[in-house]
Each structure stands twice: as C-alpha cells, then as structure tokens.
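Here come two complexes built around chain A, the first alongside chain B, the second alongside chain C.
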Partner chain A sequence: MKDNTIICRCSDLTQGDIRELIAKGYRTFDELKRISRIGMGPCQGRTCMQLVLRELSIATGKPISELAPGTFRPPVKSIKLGEILEAIEEGGEEAHG
Partner chain B sequence: MKPVEILVVGGGPAGLCAAIQAAEMGSKVLVVDRNRALGGQLIKQTHMFFGSEKQYASTRGFDIAQILLDKIDQMENIEVMTNTTVLGLFEDGVATLEKDGKYIKVKPKAIVVGTGASEKTLAFPNNDLPGIYGAGAVQTLMNEYGIKPGNKVLMIGAGNIGLIVSYQLMQAGVQVEAIVEASPTIGGYLVHASKIRRMGVPIYTKYSIKEAIGTEAVEKAVIWQLDDKWQGISGTEKELEVDIICISVGLSPLSELLWQAGCEMKYLPELSGYVPARDENLQTSVKGIFVAGDVSGVEEASSAMVEGYLAGMSAAAYLGYSLYNTKELREDLLQQLNSLRHGPVGERINKGIASILIQSEAAASTEA
Partner chain C sequence: MVKTADVVIIGGGISGVAIAYNLAKKGIKDVVVIEKNYLASGATGRCGAGIRQQWGTEMNCRMSKYSCEAFETLKEDLDYDGDIEFKQGGYLIISSTEKEHEQFKKNIALQNSLGIQSKLLTLDEAKEVVPFLNTDGLISATFHQKDGHLNPFHTTQAYAEAAKRLGAQIHTFTEVTDIIVENGKIKGVKTNRGDIATNVVVNAAGGYSQLIGNMVGLELPVFSERHQILVTEAVEPILDPMVMSFSLNLYCQQVPHGGFIMGRGDEGEPRDLRITSGWHFVEEMTKTITRVLPPLKNVRFLRQWAGLYNITPDRQPIYGPVDEVEGFYLAIGFSGHGFMLAPATGIVIAESIIGEKTTLPIDMLHINRFKEGNLIFEPSVV
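Let's turn to the complex of A and B:
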C-alpha cells in the first residue's frame, strides 16, 4: 500500500505520517493526537480513529480491544465561542458561579 | 436551564420508540436530533423489513418512520427539537445542546442515548477522490434527495447494507460492476445476495480494493484477491471502470457521549466496537443513563426499536412512572429481542452482550 494514502482528512495526515510517528515511539491514540492533531478536526476521530487503531495494533502486536481509544471531550462538533458567551450572558448562571 | 424530564438523544428507530414508550407511561420527553427531520436511517430504507409483525415486518423502512412519527405527533408530552446536536454529556448530569447557533443547557432527570453508529472507512490509495462514498451517503443522496450518485459503481462489502444499497443503486439505474467482500463468505442475508446475483452482478469473496484511480474524480477501481492473512495477492488484480466506489464495511457504535458521561465502556468485536456496559433494562453503569440501538452494539433497526421501547420503559420506571401492565410489556420486549437474536449472528450478539451485562438490583426495579 502506498504511504500517501489519506488516514485523516481533517488534518491531512497520511498512512506514511502515522507510521513514521508510531516508529518514533508514539504508541497510543492520545499521543498521536497530541503530536499530530489527528482526531481533533471536524470528524473528532469518527472517521480516522479505527484506521489509526489498526495501525497501532499492527505496530504493537496488541489487539484493538487492548488499545485505548483516547479521550472524548465535549463538544462533539465545533461551535463558536460567541454562542457559549451568549448563553452565559442570557442565563447568567456561570457568572455567579 | 431548561427543565427536562427524559432527554432522548437521537430520533432514529431506537430514540423514537424510547420516546413513545416513556411518554405512554406518563413522563415528559424531549427528543433531540441533529438532522432536519426525525426518523434516522429509517427514512432512507426503501426495502421491507424482516422480523415479526411487532417490528413492522413487511413494511418499508420509511413507512415505519411515518408510523412512529404519527404516534409522536399525537403525544402532547413529547417535545421534539430537530437540527439540534447534543454537544456533551457532563458528569454532573448536564447536557449541552446546539440549535441554530444557540448554545443550550439542560439537566434531564434521565437520558436515553440512541445515537446510532457511524460508518467505518477504509485506507487505500486515492481514497480521497471525489466519487468515493460511504453507503449511508449514497442512500441519503438517492433515497432522501433523489440524486443519482453516478453511473457505474463498485460496492465494497457484502453485508446487508452493501447488498441492499447495491439493489437500490440498480433500481436507480446505476450499473453495479461488482461487489467485493474481504471475508470468505457473504455477510448479509442470502435472500438479498441471490436477488443481486440473479440480476447479473458478480460478488467476489476474499477480494478487496487495491486502489482507486483518477485525476479529478474516480475513473477506475482496482480490486484484488486476498490471502488468508487479508493481504492482497499480486497478479490477481482486476480493473473496473467505475465512477463511484461505495464503502460498506460495517458500522461502529457512536458512543462518544457515553464516554463523556463516564459510562463503563468495552471493546467488543461481536458488537462492532466500544459499547457501554448495561443491565437487562439497558441502564448503563451511570445511573439514569440508558442506551438503545446501534450505540449499544450494532444490530438492525428491528432490534433497535425493541431496545428503544425497553430503554424508554426503564427510563420512565426509573423516574417512578408505571403502567398497569409494565411487567408484561417488559417480558414481551425481552422475548422479542430474544427471538430477533437467533441464528449464528444472534448468538454472536448475545455472547457480546453477556460479557458486558451488569447484574444489578436495578434490573429488578421495573418488576416491582
């Protein structure tokens, strides 16, 4: 398989990029995420994660069931900070703690 | 903060049935769906369903959606918010929503998560060329918007979705050049496969895609045979002239909200990915959070509906609502699930569920 196969469309990372990072010692999804931003785009890992876990599984010899899928945090899709601000101004709850 | 009794996340087959059941027991329900209309995948299903009468067998998917939506329309205690995405479930029980650029916080007393599943994808050279779709996108284009996606297609995956969408493509006047399946056997029902074979479409088992070829868009697909280690065998390549490559290699549970909420999760190949531990009433390890449908393990819409009724019942019972015949209804739903999960596929699913089943006193709560 050619190395320029796209794994992460959001951040434009190829199979070659991911394999290189794994070879450098990044051995979990979270580590790869922090160094490359994979899983941090609009798809939030919904497209790329299982492809990355498969690469990690091949490289480490561990089955996918033993690999950590990384941390999931809100929000699940991108929103404008202004929207949150507006909600605070209207509701005022956060402002009072 | 908006007061909400039961929040149902996702208005597909599972969520709709959960809402109906919970509302029938007297609770107030808010159904939230990120799409512009409710119905989930049902509204794209032009084929008739299997299962039994109770799961609307012999009725087409979009008609089932209409039956459920009509019921919801008549129920005053169900509020519906479409075009609304649940952004997060927090450990203190707060859920954040976004609708039309507005950020909304709610604190439901119980939550049913019926977010469904997302499509798996494949890594192969040029997989980012225009003309490469997931089977879901092809169904959305054809069956929801009436747009023919192209003229000649290679279908990857011979599970039920791959087979059914191949047939739908043919109905839309698209030529299906071939279906490839990496496994040695066809995953979907043979009744679907035979129908397609009779129409002259070859199904290649132990085959996969090697690469897509094209400059601006897909022009060709190269397929090849796989060895016993799932590796392509040089010299077995076949070139197909296609302008669409449709990927239908399975679904994975869309469980991100459950992770956020702190539910205990486990990777189970039998259920197609990371799924929540749950008790017999579909309550997760976090009290007050219930699951139904593909998010708790990928199955079919029929079982998603039954799970929906059960989760809706459990959520309402959790808040103290009941009907005179709750116990009988519950027994009937469990029985329906049992009969849907028969055969080798059902056995696999039951095995998966058994390995994450929470044995808890809560399982007896609706019986009381």
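Let's turn to the complex of A and C:
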C-alpha cells in the first residue's frame, strides 16, 4: 500500500496520516481515534480498525492479538433520534394499553 | 523511570498538563507527570468540550473569564502545530421556571460586574440566536458570545508538548500506587514502574482524587459521579451556540466537525467509579433534546460514552495545599467544569507551589472552606 492509501473512509485519513501519528508517539487505537477521529465515522471503525491495528502492530512489533482494540461504543447501527423517540412513545402506549 | 523530581503531578488530564506547563515555564526543572493510562483518558477526553463564562459564583466567573481569554491565544502561546478547535459560538442558556429566571437576573448582574458581557434575552431574542428553538414552556434566556467550544484532546496535547519542550517529563501508562509521607511531609511516590523521591506532589487525578487523598491519610470532601454523553453523525452546520438548561437538565452543541454532542445529569447515576453507558440515558436525552431543538429528530445517533464528575459540596474546585501534609497540593473537585478552567488551574497551582502571589485569589477555594463552613454554592450546573 502507498502512503496516500485511504485507511479511514469516514474520517478521510490516509496510511501516511496514521504512520505520522504513530511516529509522534501515539501507541493505542483509542489515542489515535481521539486525536484524528479515525474510527469515529458512521461505520464506527468497522472498516478501518483492523487496518489501524495492523499499522500499530508493525510499529510496536506486537501481534494484533496483544493490542487493545478501540472501546466499543453502542449502538451497532446508527438510528435517527426521531426513531428513538417513536420507539419510546410506542413503548409507552403499550404499557398503558 | 526517573528516580527524583522537584514536583510529581498525579494525573495526565488537562489539569495535570496545564500545571506541568506553568511550573516548567516558571523554571522548575524536574517536573514529572504520571498518568496511569494515556493523556486525556480520564474526564478530559470524555467531556462536552464546552467553554463558558456564564457562572453564578464570583470565583467560577473570574476563573472561567481568565481561562477563556487565555484560550484566545493558546495555540500561539503553546506553539502547537495542530488545531485546538476554539470556536466562540456562544452559550444560550434557557430558563423554564420563574425561580430560574430570577436566578438568571442575579447571574447576569454578577457576570456583568466582573466584565463578562452576557445578556438576558426574551424568548423572541433567543429565537434570533437559534431560530428553530422551541420556546414552549420556556421563560427567558441568557447569552454570551464569547463562550463556546474547545477540543479537549488537542488542548491537552498542546499543553503536554509545550511542557515537554520546557523540560517536563510525562510518563503515561504508569500508575501511582502509594505516596510516601514522613513526619507530615511528602517524601516520594511509588508507581508500578518504580519509586520517585520528591517533596511535592500535586493531586490532579480527577475522578480518582479521593483515592490519592487516601494515600496520604486524608478523606477529601469530594465524590465521583458518572455522567453520560452522546454524539450524533456529522451534518451541515445549523447550530452555532451551546444550548443549555439547568432546569430541563441538558446541554447540546454542534462541534466543528459537525456532530452534535449532548449530555444531561441523572440523580440515580452510580458513584462507584463506574463509567459504563446505559440506554435509559439515550431515551431521556432524546426526549428532552428533540422537544427543545426539534430538527435534531432527523440526525442519527452515533456513539455514547460516560465519564466521572469529581464533585464538591459547593460545586467549585479545591485548589492549593493542605494543613495536614506538607508538600501535598490539590487541583480537584471540578464538579463538571474543569476543562474550561485549565489555564486558571495551571497558573494558580504553579504559583501556589512556588510561593508566589497567585494571579487570581484562591483562598476562597482552599479545602479549609469546608471545615469553616463558609460555602458559596454554584447554582448553575448540569
């Protein structure tokens, strides 16, 4: 892969960007995420996390299995606030009905 | 690991790094920050990123004003090559009860007397600031244009890098496990990576500050409470200011990358250092925010998390030394607003350690206020 290969499509970050941050001393997925927004997009890192872990593994010499993956933040699928509201209201009616 | 230090700061959140920077800038050579995880992994990296000067006590007003002015030139002062995302879109604080409206009048009078140019607004005026604000059930609002947003992770990084350039050391993934006290004086700290001899320790451990207090035999008058927060997908900019309400229990702002960050408190939140997230919060948050800001119904919920407020009885921080242990300093109890106070925290704690006259008077924030019982309560918190 070349340096300008996109690693995170949602937050528009390239392999070069990530390598630069790792060279600056960031050593965990969570740190990279907070400084660059990688993994914070609509897919919540499902596309890019493995690629970042691979970069970290190369830089630290640790196997991927030993690296902490990003903290999983619910929900699994994004949903509109209006849809959550409808679900609450329906739930409420059932409780009364 | 280092073996000796002039000052050991426990905690690599915004407070710890701001104190380190100010000490190093004043010429203290061996300043060491110890952080058990990574920088900003505590409350700092989990906070709402809000900066406001609209407070209800003199000290909170003065410290936040000092800090907000510092943020205006912080990127240059710290020579940071990243973006700290400082945006002064204002804070619109809305009232929904008569009592709150009365409090707003007092707050504005206090703020104006201290040079903070906040204004009391009618609901029509509030709608000029946020056209889609649903004013049903509201009474009035206050607004201050200079309040706004700042990126917590980058700001922490900016202070940390500047502190390091001035010679401070920052050890991440290192935990302080005990503090050595002899004859009432600090002698050193123990960490999971070795001991450091020092005469001065700063407790900047955020939600864990009471545990650090226990290490020197003190019961500090603080407790930690979980607070939850969520963010939506990024959309086109539609909301400039932070919208906040104490009586409706909410705050919400659209951050520069486009997502809406919002949070609220809950009486039933655990106080046992838990920071898991719950669905009940999402439902309550959704109900409140879609009533006040209806267009948010169309935005997608993306992610939620939680962090710890370290809370004092009067909702103001505790600054400075303690009588019982020589060399032990506190920068704790920020009660949910310690991010925006960092420049003030950094300067006054550094001055207090060195023995200089502090830039802002901090005697009113000394821990002894709780023994003496002369407390001034901050009324304006979520």
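Keep this in mind: the second predicted complex is superposed on the first by the 90 of 97 C-alpha atoms of A that agree within 3 Å, B and C clash if a C-alpha of one lies under 4 Å from a C-alpha of the other, contacts with A are read in each partner's own complex, and residues count from 1 in each chain.
As a convention for this text, a residue touches a chain if its C-beta (ideal position, glycine included) is under 8 Å from a C-beta of that chain, and two chains touch if they have at least 3 such contacts.
Note that this is a predicted model, so its numbers are computed, not measured.
The superposed arrangement places chain B and chain C next to each other on chain A without a clash.
Looking at the shared chain after the overlay, A:Thr28 reaches chain C, while chain B stays out of its contact range.
Looking at the shared chain after the overlay, A:Asn4 reaches chain B, while chain C stays out of its contact range. After superposing the two complexes on chain A, the angle subtended at the C-alpha centre of chain A by the centres of chain B and chain C comes to 150 degrees, rounded to the nearest 10. By the touch criterion defined above, A:Ile79 lies against chain B and chain C together after alignment on the C-alpha atoms of chain A. In the overlay built on the shared chain, the residue A:Lys62 is in contact with neither chain B nor chain C. Of the two partner chains, chain C is the only one touched by A:Met40; chain B is not. Which of chain B and chain C touches more residues of chain A is settled by the count: it is B. Smallest inter-chain Cα distance, chain B versus chain C, after superposition on the shared chain: 8 Å.
Note: residues 44, 71, 73-75, 79-80, 84 of chain A belong to the chain B contact set and to the chain C contact set alike, using the contact criterion stated above.
Considering their complex, residues 1-2, 4-7, 9, 15, 44, 46-47, 50-51, 54, 64-65, 69, 71-77, 79-80, 83-84, 86-87, 91, 93 of chain A touch chain B. The touching residues of chain C, when paired with chain A in their complex, are 38-41, 45, 82, 153-154, 157, 232-233, 257, 277, 279, 282-283, 286-287, 289-290, 296-305. The part of chain B that touches chain A in the complex is made up of residues 1, 85-90, 96, 98, 101-105, 118, 120-121, 123-128, 211, 252, 254, 256-257, 259-260, 266-269, 273-274. Touching chain C in their complex are the following residues of chain A: 27-28, 30-31, 34-35, 37, 40, 42, 44, 71, 73-75, 78-82, 84-85, 88.
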